[in-house]
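First chain written, first letter: the chains are A, B and C, and each begins at residue 1.
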């Protein structure tokens, strides 16, 4: 049994987080989405083929030492069908196919019992998904793409079990005008010829489409952690709740940590800092004096040295925050924060801070309004109030 | 023996604090002015009649379960005389009459010894008060209203002992053009016919006319408190001086409290917060990380979550302060802070912060200049510098 | 053996630090430069003549009780030669002459062995100094003033041993058009007639010409201190590294001090404050809640009460910082911070904050860009962003 994970996509809706990394490499609860998937399947399969393209070096660097992982680069043609086809000359007779940008809680053992299977997830509003219709034996009888009138509330959850027959069927599908070949077109052919079992996922599942989905998934998995402290904890540090402090991390004097939270190796917190629940500090971050981080992901090498507040935010790698950088995360009218997603202004959640790319530097006393996105490599000058999205590579100043 | 407390006035000079509550309900040292009065007299009298009108529901809600308290609503005619007359058909033969907006320290037992008495207080500059002239037996022989040339330095302190004769005399007085009937007009008639004893108050007395009087009285009564801690105090919290922490309040880790201070039930302080002397946090307030409160009254349900400083200020109920909201409380030239009181710019005291109504929300990094007043229900946008008074129901933004 | 220390200069390049004090009175590692010099030589000599002029009262006040110190005021003519000549009628037969604005580590005992000697220091780029050329017996054979093509990398370190012959030679030199008489002109005559030994300094030496030299020297001497705590240290205060806390200083609860640092008598730190390495708090300073000071000199009576950050800065006496006053100390491009020195924009070091004179008051939420200078007696209004130098006695506001 092999596995094939689709990791080639661009993740447009998650920009700027995907400017310098593929979506499967966004960290959730302290490790990339893709790592979550591999951790779940590595004992079930012989080989794991990662289909890569956009920012592939990022994936290769992270997984190159994994004994079961192999990398295959998708060619000119895009789409999930084409991605699967990339593995044709490498993969074994039977294999799992998994979207590389989902997180899920169920184990996949039951998939191995069937020749053909597809995971489905019950949702309340399936209109924006691929809807899967099952018969009374749970065999797939129809797949609808973002239907006006869904015939079921089960959606395609992005996990499949196939054998090599899928390659033939993909080759029979057409390449769309956008130059893409979609896996679901082949599955529609498959269900005409074979029994394809619909397997309902019972546990948590999230396709992490928008920035606040990242934070929601982060919360979900943080609620599962157990306290494990192997870093250095200085005097008068108070730790409450479940907290992981990795070896090589230091919590400096008089700080307060409220879990669930993860503080990864090389990170420094404090002195006199405050880490609130649902925070992840990735490797080599620094959160210093009188700074407070809440429900946020701070990626590696980022520094928030003093008198800053970051709440309900995702901050990229290698950022440096000037003293007194403050994020707002709530509207006066308590309505959902609005965010630009692929050019459209959409409602997110009640509390959302800033979504920031990598290598951003802020000056002192910079403030961010709720839901703004800041592209990578920006410099935000002192005392600026950022109330709209900032493209990458921009120098904003007063 | 009954008592009658005048609580119907509008308290114009204390706006915005009186926008949603009558002046007697302004909290001083953790309880309303009116509660201070009732606590002093409830053992001396049989019935306590509260004459209410402006925002009466606020008073009724607070005192409705008090076994001796009864509520009487003043009619169309305003004024203290009319207020007393409101009780004519209810009250007993002899009774105390007390202005509902004064705080004082003396007990009132000695008033019960006389048929007619009036409290007087010695002040250095009586020109803006009702001046009371006594003979050598301490009987009142004259009352002057805000006299150019006061004949004594004793002022009418707003506490009286009468019998039912006062009703006849009030009925003899005229209703002014402003539609008011004043108690002092009746007293002027009374002193012609009866001996009215002037009783000098020896203890603290304050008619709490202007916002800084509220803070001054607050200081006075806080200096009398004794430490009583029945709330939860977490690790490494340092408490100095006399501090009351009510049951149901929580002082979170690594905070510092310097008394005298009162922290009422349901309130949360910290972690890493700093409460300085002469602070009162009313019920269900929150003062969080790296925030500092000094010589201020924070009314119930107000939240000051992070990196804020509030000094020498009065903040209404249900306010929410964005991160890094800062009050200034001192002029560069060290002169008294100027405040608008009923359209006039008057000098207050050397240190005065902001006077804020209820339900105000501030964005992040908002700053207030010394002595500004902010009306209820305002929204103050991020990064605003508020250097003049803001009317109620206004959205200020940059 | 006597000593003569030249303390009359104006220290133009160190403005505004020298507006109210002569350069030798700038504090380094907790005491004036001049105190460092006197501490080094007081056991070697009988009398110490201080040649004073600019802001002489400042020097006299500080050293008036020193048993060996005498003050001589330089007359109308300026220059180091004239300064030495001022002592002609007072000083003994043999004497050290020392520039009053240098700090150095070597003891001066070896100078006493020679009739004529001059200290030299090896530097990598001697072009902007007086260059000293020695023969193979270490006798001075030439002195070059800021030469294009230096003949050696040894510079005149500002420490000399003479006898009274130097007075004759100074009197032979001419007064320049600028009205100055320079000591080196006399030394050039001296080396023609006598053996003048060049003595190489091995230890640290700094002529403290520019503000960042003050901070560099401060660091150097702080690295030599040993922990000595005789002030009051409250609960949960964490002290790391070598820290001097003088008697009469108080470190309030839950603060963190990281040495090397010096906190002088009468100062108050905290509660919840953070003092970082290479900080000196002079007498009667106050650094309060959530404030952080790093690699900075805070002169006496200055108050930084709350939520402020001061890094890589020199702050004069009697300053008062409004809440949330923040210094920036780093450029986005990581290039050296530029500073105006006598009208020219010069590169300093990678991290430099603000250089501030005395009696400056800042409002709340004021921010300073890296390398700005603020003259004495300025008032900086709330929310101002100071991105250029401010002259003395200015009121800046928004």
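What we mean here is this: a contact is a pair of C-beta atoms (placed from the backbone, for glycine too) under 8 Å apart; a residue touches a chain by one contact, two chains touch by 3 or more.
These numbers were taken from a predicted model, which means no experiment stands behind them.
The rotation relating chain A to chain C, fitted on Cα atoms, comes to 120°, given as a multiple of 5.
Where the sister copies chain B and chain C meet, the same residue numbers recur on both sides for under half of the interface positions.
Inter-chain centre distance (chain B to chain C, centres taken as mean C-alpha positions): 55 Å.
Each of the following residues of chain B touches two or more other chains: 236, 254, 272, 290, 307, 324, 365. Within the complex formed with chain A, the chain B residues making contact are 234-236, 252-254, 271-272, 289-290, 306-307, 322-324, 361, 363-365, 379, 382-383, 395, 398.
The part of chain C that touches chain A in the complex is made up of residues 236, 238, 240, 254, 256, 272, 274, 290, 292, 307, 309, 324, 326-328, 332, 365, 367, 369, 383, 385, 387.
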